[in-house]
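In the two complexes that follow, chain A is the common piece, with chain B as its partner first and chain C second.
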Partner chain A sequence: MTVSRRGFMAAAASAPVLMTVQQGLAQGVAPRRGGTLQMMLTPEPPVLQIGVNQQGPTLAAAPKMFQGLLTFSPTLEPQPLLAKSWTISEDGKEYVFSLQENVKWHDGRAFTADDVVFSIMKFHMELSPRARAIFTLIETCEARDPHTVRIVLKQAFQPFLLMFDATAAAIVAKHLFDGQDYRTAPAVQRPVGTGPFRFTEWQRGNFVRMDRFDDYWKQGQPYLDTVIYRIIPDSQSRRLALESGQVLLSQASDIEPFDIPQLRQRPNLEVNTNGWEYFSPLSWIELNHRVKPLDDARVRRAMSMAIDRNFIINRLWFGVGKPATGPVASTTRFYDANAKIAAFNVQQANALLDQAGFPRNAQGVRFTLKHIPLPYGEIWTRLSEYLRQAMRQIGVALDLESTDAGSWARRVGNWEYETTINFVYQFGDPTLGVERTYVSSNIQRVTFTNTGGYSNPQVDALFQAARSAAVAAERQRAFSEVQKILVEDVPQIWLTELAFPTIYDKKVRNVITTGLGPSKSFDDVFIAG
Partner chain B sequence: MMDFWRRFSRNRGAVVGLAILLLVFAVAAFASVLFPGSPWDMATAPFVPPGEEGMLLGSDSLGRDVAAGIAHGSRISLMVGAVSTVATLCIGVSLGAISGYVGGWVDDAVMRFTEFFQTIPSFVFAILLVAIFTPTITSVVFAIAVVSWPPVARVVRAEFLSLRSREFVQAAEVLGKSRLSIVVTDILPNALSPIVVLSSLMVASAILLESALSFLGLGDPNLMTWGFLIGSGRSVIRIAWWMSVFPGLAIFITVLALNLVGEGLSDALNPRLARQRGGAA
Partner chain C sequence: MELSRLPGFLLRRGVKAAIVVLAIVVCNFFLIHAAPGDPASVIAGQSGAADERFLAQLREQFGLDKPLYVQLWIYLKGVLTLDLGFSHRQQIPVWTLIADRLPATLLLTGAAFVLAVGAGVTLGTLAARRVGSWADSIITVIALTFYATPLFWVGLMLVLFFSVWLEWLPSFGMATVGVELHGIDAVLDVGKHLILPAATLGLFYLAVYARLTRATMLEVADQDFVKTARAKGVPEGQVVRRHVLRNALLPVITFAGIQAGQLIGGSILVETVFAWPGIGRLAFDALLARDYAVLLGVFFCTSVMVVLFNLVTDLLYAVVDPRVEVQG
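Presenting the complex of A and B:
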């Protein structure tokens, strides 16, 4: 045993597997080759070609097959992946990435800088609105040699590197897409990437199977032979599958929050709420500022003060997640812990509404607002039911309307709502994931823009300053300032920093090592014997 | 009247059903006395088992009192049952009467129209209607009425067909009574007993239909109903069985009571039939 461990240490000193072996050893176990990891995918995605589909399930499964240039640590520091190193010029405009050599696509072709240029400038530029918004800042993107990519920006953009994770801009094979309609190319149905697992079989409604890619560029990895995603539509069956050991890992919203306390008590399972630092989803009551009296900041502040966020976390989400303190999640960069929304206080909230000139009528109601619960499952309906009771205490009547997911998106996009619930990913940086909800230039008839219609020139200017500043300290100043204004103005009533626990059998190791949780490549994951 | 009660009470099940039904009415009437405040209020900790912390039937996932939910929900269930049955009768009786009394091509047209509605699976149709008109209490009642009138129309038509050639109808016609008054004052009263029996059963099926819609999340989100209670308890049944079991029992008992009463009414209103059945048993 000692010999084999020493052997591993020797290999670790020279090979790029250094990190993972250390992690393995830190847990007292050397990585073990072999085994099948069964997981679940909910709901079943239409296609697994990342970029063509950018929804949660695809973002969870596809990074096993596709990789980005970088990945991110839990503190959102860039880590090498397909790019082994990179340099950024003084003025923050020029980025040079040196790529890993000996990287092969699953079809055997060599991976080169041309693939990277194609992926950035053509593939994601056309398919992804989020990537397009950032990549239009690129002046030139060129392959200097087969293993070097140089990108020059029109202006400095500090969060630029955050766009190179597999979930934001996965690198796809140029030879399989160039000159075709990206959405209908044959490769969409049989994904080909550079990741540690290659696509082998997909029985619709049953499972997706990926097998070990023997020519994977990290030596000795991946450890697992096979990764299987099972499709189990019913949440109680998913819980049973996890409890019985049929599947070894659950992620995102596979498991309903109310099942988590029981699963925490099972000695063989690990419930890990880390790994959402990159996405940092923040939930809020989405207010339409065009509806009176929601244009009055005092009303919004009073409504925010009437909500017991600890109750929401403890009673509804069973302790998973954190109460929100402002527009920026505490795990996102440039979060300012000093800018906090007013604490839960029903009396003060009532006083504020009295002051604002909204007296109670005979039924004790000041005004009535319509409210659309988020149609993403039961827990969101419960949340709206709680909010209706909380608002009643300050004399605000919430009238609930049910819709389906399609109408919800349409109505929010068309501003045809008074209040609803929304949650939005922050993508690590306020410029990428927070700004869009508050700047007046982004008031659009599209979901996940500033659909509420909040407009404050000062906020606009500060977000702009933070966007164009090349130095982190300067951006921090602007973001701190804007957070102070926003927590007073309460343009949206922030509720919680959501966390989706990843629950797995303790013998599965190295599951959560990055800021992307289960959306990583799993090349270092192994099942201890 | 005494005679009616004597015949009704001969069916012991019917009396029990009536007693249960009166109890449900009493709970509905006194819901706000028994459980003051809104049934949506969080009264205690979540998932309190029945009998603890003053929760007679336990609390749900938000700490709401299940007993209060059932009591307040009984109002909605009975109201939906009653209103949608009245609406159903309005549609069904008028179409059935027209079709049965007028006959000829009108009969054909009305019956084809009825069959059109009968060929669509009623529950699927109800879901569709509620989904289109967004779930509110009015759209739920409307949907239930729209899917449940065809049987009424057919029964009423059959009664009218057999009654309209009777002598007393012919006599009325000869006397020069208007058609409308013949239908309303001569034929309808004689066709009433099957309608009464049918409608008591329809109240039961309307309650079931409303509960099924609420269970699927298609109920009015602002009203506490039995179906909603079961629907919200379904996913946590392994943690809190009481959340779905008690409202389920409430539905079961109420629907059973309505069916028993319906049977009793049928016995009381069709004495000949009842005597035959009694003889067989």
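Presenting the complex of A and C:
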């Protein structure tokens, strides 16, 4: 069965990490107390209060201060965090979480079930589009006693637990937010959580500092005294800082992919691409179906066939990540390995376009499309330059227009584009992170919805079936079916399953142990002597 | 310069300056809003998930749902009371953001300025006194090299040489973070961090001053009053200082005035390469995030600086060359 095979593969993929830890222990490296871990954060987030801000850098740094009820293994199995155990009723509607006792907020107040209820039903419901979409399914959410939370859903919703990681729904202190405007409350500037590190200082443009929370609820943890995030805007300076040991850890897009081969050569550095299983970012050429001839599935299929995804992975990303095979990343639940997009074949792509009635003109061009490279760094420009070359081979001229992040978001959100690049997190389950790009009910004028305007009643129905089915097998059937349709229809031209290397000095241990990579709490991370 | 004229001069210039600054503010306001995208869409684009309600909430919170002229009016009212507004993105008043960053930028650009003027004028004088000698050639070549090399490249090469190979100086940041330093140690620590960025920023201007000083000194040195001074037996050192250099300084002051006006805004590139937490990067980040209030605030400060230094330059002319009169 697909699920178990995927589980096995993910376990195998994470094995090297576990081995380094165990090898470390075998060599007598017990966790060591003390030390300062300097890392980088790019770009600098506007605020660190998770929920008020959900950008990548916030999701990386804030889980040191804030925790969710659960966290997730590389195979996306839920693991206890603020909830020490939980039960799910037979019909999949009732969830009961038993909370850790003796948990304190950084301001000394006790953490209780009331905080959990507030966080779910008020804080995230108001602030987070992602949580809001799911938490509206909740019928009741109540504190049964100070350490028990009971949630009853209106209908069974199988991926529900995935919403309880700190990056999806961090638990915040009710006493600091209730009755205030959550976005402007004073606590936003001085975050207070239950995590292993408490906020101490943020010199904007310079660094964020968090210090060990001595009353942390896990005995003896955290091991580190201080974690510091340096803000270094230039990618070459970041690489230098890492090489010279001025910082010990880089994450996400801190390091440009073309710098990775040299960093792999450094004997003191570990380049680890695991830990993106929960987010499973998938990149694609985002097509606007309102622009002709992109409404023609044959055209989209031909464009997809003209792209050599292995080239993208090997030559542009230097081996980090995997070619995409369809709309669902292979690390996301319910991935179907049998549903695959047509292989790279320029000849067939040309034949398909000939058949579809798009002859080449005197210059060998069938049609011209505008294209906005993703303005998130040099690597995305290179990708678009490759794509321009690949499309030229099938007589499609791509006109590259550069923009900055503000214009990009505005134009994509307003459907004012023809083609661009996008990458989107899948959050472990297709209902949470895949569906939104393809169902017609989610065609909205804002980024990360179905901005392309693809509409297929069959696809809508299958995603709906998978959403409401309570049993995994039933959901798998619907998801397999929808993946088969989508790889033929190619509503977006999937490119790669992105992974971002976490690069760190080998003396830093336990860095990647979950499916959330560097976005974990770091309570077990230590610097070996 | 007659001192009695000064108050009237300052008053007239002050009124003109205020009008100029206000006009700049209005122009900037429209320019910034002409750029596609707004802070809300940027945040939505970076949040990984969004819906239309999310956008509407942000726009309402940021005051972007009001018509543009209302937004301008609100902003102008603020500026007239020296309130530069609020960064909704960061939830911090703009003044606080700018005040936090200003010392870093002033330290960096001030150091670069002193280096450039001091070393530039000295080198230029040296070269002019020994025109045609090997010292002159070396100074000219160095000046030309710095003049022609792009800033960021100089920065990267300095880092490569002094941080990576020699490991003498830190490659980024303004101070060592995570270590408690006090008194002289803290000053020395900042000083060490300052050397590379200040040198990078200063070298280009150093070259300009050196070339400018050399050229004008040579021009002045040929004039009759210098010959007269020599003829009546004034010592050579005094001739150079009082007769040549002082008369050659006017173009240097003009240029220094321009550079001083850029003290706040001119260091974006260097601040980026060296991760220096200054105003330039605040402005750059604000531009990318469409953080209108912050960007307008930085522009406001920069334009005030430019106007201010133009005024100071005009006054300095009169001090250096008594023939120049201040005029409104």
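Note that the second predicted complex is superposed on the first by the 502 of 529 C-alpha atoms of A that agree within 3 Å, B and C clash if a C-alpha of one lies under 4 Å from a C-alpha of the other, contacts with A are read in each partner's own complex, and residues count from 1 in each chain.
Note that a residue touches a chain if its C-beta (ideal position, glycine included) is under 8 Å from a C-beta of that chain, and two chains touch if they have at least 3 such contacts.
Not measured: the values here are computed from a predicted model.
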First (chain B), second (chain C), both or neither touched by A:Glu385: first
Which of chain B and chain C A:Ala528 touches, first, second, both or neither: neither
Most chain A residues touched (candidates chain B, chain C): C
Partner chain(s) touched by A:Ala465 [first = chain B, second = chain C, both, neither]: neither
Touched partner set for A:Gln236, first chain B, second chain C, both or neither: both
Touched partner set for A:Val29, first chain B, second chain C, both or neither: neither
Contacts of A:Val291 with chain B and chain C, given as first, second, both or neither: neither
A:Arg411 touches, of chain B and chain C: first, second, both or neither? second
Which superposed partner A:Val346 touches (first chain B, second chain C, both, neither): neither
Partner chain(s) touched by A:Val271 [first = chain B, second = chain C, both, neither]: neither
Residues of chain A contacting chain B in one complex and chain C in the other: 236, 403-404
Footprint of chain A on chain C - complex, ascending: 35-39, 41-55, 61, 89-92, 97, 100-101, 104, 156, 159, 163-164, 167, 170-174, 177-178, 272-275, 277-278, 281-282, 284-285, 287-290
Chain A - residues contacting chain B, complex: 235-236, 256, 258, 262, 315-316, 373, 378, 381-382, 384-386, 388-389, 392, 399-404
Residue numbers on chain B that touch chain A, as the complex places them: 38, 40-42, 46, 61-63, 131, 134-135, 217-218, 221-222, 232, 235-236, 238-239
Residue numbers on chain A that touch chain C, as the complex places them: 36, 38, 43-44, 46-47, 53-56, 128-130, 132-133, 183-184, 188-189, 203-207, 209, 226, 228, 230-234, 236-237, 240-241, 243-244, 246, 403-413, 424-425, 436, 444-449
